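Take this structure first; my questions come after.
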């Protein structure tokens, strides 16, 4: 089972499963503590300059946007990120917080390429290592499983592989070629959920994206939740817990935390705001103005929501698709 | 990443992920068909002599016992099984249906070793290949992922490894030793669930054991369910679907299908019956008598339940632990 | 084509929709494929199973999704899981069709959605990247590619193989370790429907869109195109297709 | 010991319970460990997090489970998932204590629960096999072994290493690829509490159970035992421990 081929991309986040085990044993809160705090406190305490960071799900869908904006507000520097993103990555890259990215997709969905990414990548300011969307999720899955790699059948034969840090080997059981992707252990992860209790036990309605895997692949994990519930409610339906409390370092109560993105069964995406953003992000200046208005210009999530306007927000609740 | 060590155990179920892909493309039902049928029809149509078979969860907990008994009744021969089991394996081994087993645990829980297993193993009648419980689940997980193996950190350094069909290699990323377990693609799997619709979309309450993995690792899958529900109920809570219909070949409506085992939130384990079984299984004769009374002596699950008695069954419902 | 009763985009949608069989599983990406899947469900394929990257399986496409993760992709779905389950389902061979787009395509159906020009570290144009594209193109049995038919997009050699087509030709996918029997099946444009030659695996013109000539297709293709012996003309969108597309599939006019 | 106010089993349970710290995670197997965990929860460790093989995490042990998969193992639990999630959680280093039993143990804490005598294919006695034992012994930081203290069980060499202890001695676990810092922590019997020498990794007598002599322990151990310099005597079960054990933990007398 020798290595037949190696991608030339840099392994942006070196890792050791032995060290990760030690961390999980000594640094994670096993007791039942009330971890509720504000965006400001959570980001100040658990996100550090130079961190390797990730968010789940992405920009316009169940994304921890109130946390993403707070990171910009606090001007964290020299971050490396795992890049499945739309809006959140645009904010970070435009604000100059990101030095390198394991990228799978950074664009504007039906609205095409991200001008923010283009400016950063084409000027050579941003280092990018390529992966498929599956590969990124599987890298987190490997870390979540506590193993140093996972074999996959994606990426084979492509330049996506060539510019990644994956390897091709021969399967010792079947002789077939498989691609091995290294475990991805994030320094810090941000996940927005429908409900969590004060300890961090969290539930998600609808698709879970890669929340299960990312929550288990982070050294530090910040949860933001639309609703804080009593632990008894969690214990009544234990099969609904996707993220158990001992994985969680901070719990932030963030109603409309995914705005301008949607939250399944709770509120629709804010198309008006998205149009404003899409217009703004075309130019460096427009993007800075957007940041001034919606990030630097407000002190916290509450002020942000006031700026959006409660009428607009309740309209988004009314527009939501039921079950 | 060369192979450092190989277990001397036989790979009881040779496999090819290429062939599995072909099977999933051409042999699995993609359309919405009503798959409801009786135990008799399901076992007759989808379990064949010589098959490699598995059940989930195990004997006394959410186990498809009505299907397991029907297999004995139909006298399927020369089966190979994956062995995490208590009661169901005792029935099959005692009835002489099993020629070889990938074993992780076959015993009587707090009541110790299985005399049935002892008689079969100590006489050399039953071929056994050793695995840890995690390794067995991970082997199904590899198949479910569509990859030929999965790396794990269990089994290393033990005789459990030595008598398995696993291999030890060096991780090409970290240099550490990892154990590779081969994917396990079952010919047929049996899973008992709380509710399913006629197409086979299935939900499980409480722990899911290894249902998710096994359902995705089978060429043929028979579901038995306590309750058959309208597809609309499945579509109302899509996040509750653990087994999507296209994995399922047959849906059997089996109230008390796990008896004498328990079904979470529905009915308790039948301790009286278990005591009777534990007494009977001590001797070859006792076991044959048990089979005559509860398997050969009844034509189907309905007759079995009549033999148990509806008073006893409703008592088990009343004794159940709530949420 | 402005006098036609339909736009090039509508033609593309209707052509793609007709390729979706009832009861088949189809991996649906953002944009045109969503409209095609919705149209197919409402026309000839009520049991089409749309599968979306982040967990939605078998949704009723009541409202048109704008992204592969939003709630419209699992509205009254038969399952709402996560990305690993979905892509592993494709890896296990369960997904028949995969719909892809790209900025560049070559004669072997290799797709580029990563970089154009310059170097990888300093490209002339940086595109979004693979996303699920590479996974779909690796695992789905038949990938259907939707492209704007322009010379600068249909090139002899793509600048970057984001998603593998037939790579360098016959046997190359298998040699790379990709599952046998998979690969690009059709390329749908507003000018034509193209396939791939069974032996050489090079792109081949199969159908012309209504009123389009072989010469037009050649002029808009940057490499030598094989031509099928029996060249067919695709049926134009029917009034019924157009009505459903406009009134039921995309009444909000998000795309059309 | 029949004149004592407690049985050997009750002594074993109370001793094991005292080893469980409040707020710690503990991988609980069938039998004695379940009673110990339940007793600990009701005494000094209300926040003990029992973890069960097939998915139960943080259950309130209201009724005593008889198996690692039944509903009592996830009654009002904080999570009910599956075996992969649980064992991967241990593999990730989250589980502090693992409780194991076995038919044979050797000086390095290697455990046998597979076969005794004869050959693997034709054993004198076939035991249940590893189950989760090998996983627990490989991944949990500190495994605590509960055994009947008999000469035929405490042997120089086990017939089959089902679950790795320190294997052949210092460094052997690490050399085999097992996670550093893991391994057998205590062996609890009705005669003594034993540990392992920090350098040699051989079993060492740490505590005598009430009224037991070193000689008794030696007589019931089939290999040479190290003796701690400061040998302590374990406190007998308190009336409170016994009351809770009998009235609240196992009122149905399933085990005691």
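Read from first to last, the chains carry the letters A, B, C and D; within each, the first residue is number 1.
Keep this in mind: contacts are C-beta pairs under 8 Å (C-beta built on N, C-alpha and C of every residue); 3 or more make two chains touch, one makes a residue touch a chain.
This one's a predicted model, so the numbers in the text were calculated from it and none came from an experiment.
Asker: Could you let me know which interface, A-D or A-C, is made of more C-beta pairs in contact?
Answerer: A-C
Asker: With chain centres taken as the means of their Cα atoms, state the distance from chain B to chain D in Å.
Answerer: The computed centroid separation for chain B versus chain D comes out at 28 Å.
Asker: Quick check: how many Å separate the C-alpha centres of chain B and chain C?
Answerer: 40
Asker: Hey, what residues on chain C touch two or more of the other chains?
Answerer: 56, 74, 76, 80-81, 84, 91, 139, 179
Asker: On chain B, where are the residues touching two or more other chains?
Answerer: Touching at least two other chains: 17-18, 146-147, 152-153, 176, 178, 206-208, 236, 238-239, 323.
Asker: Classify the chain contact graph as line, ring, star, complete or other.
Answerer: Chain contacts: none of line, ring, star or complete; other.
Asker: Run through the chains and report each pair that touches.
Answerer: Pairs satisfying the touch definition: A-B, A-C, A-D, B-C, B-D.
Asker: Residue numbers of chain A touching chain C in their complex, please.
Answerer: 57-58, 60-62, 83-84, 86, 103-107, 109-110, 113-114, 117-118, 121-122, 124, 127-128, 130-135, 137-138, 141, 152-160, 163, 168, 176-179, 206-213, 262, 264-265, 269, 320-321, 323
Asker: Going by the contact rule at the top, pick out the chain C residues touching chain B in the complex.
Answerer: Chain C residues touching chain B: 22-25, 47, 49, 56-58, 60, 74, 76-81, 84, 88-94, 96, 139, 141, 179-181.
Asker: Within the complex, which stretch of chain C touches chain A?
Answerer: 30-31, 53-56, 62-63, 66-67, 69-76, 80-84, 87, 91, 114, 118, 120-135, 138-139, 160-164, 167, 172-173, 176-179, 254-255
Asker: Would you pull the chain B residues touching chain C in the complex into a rising list?
Answerer: 17-18, 20-25, 28, 30-32, 143-147, 199, 201, 216, 231, 234-236, 238-239, 241, 244-246
Asker: Any idea which chain B residues touch chain A in the complex?
Answerer: 1-3, 11, 15-18, 146-153, 167, 169, 171-174, 176, 178, 180, 182-183, 204-208, 236-239, 323
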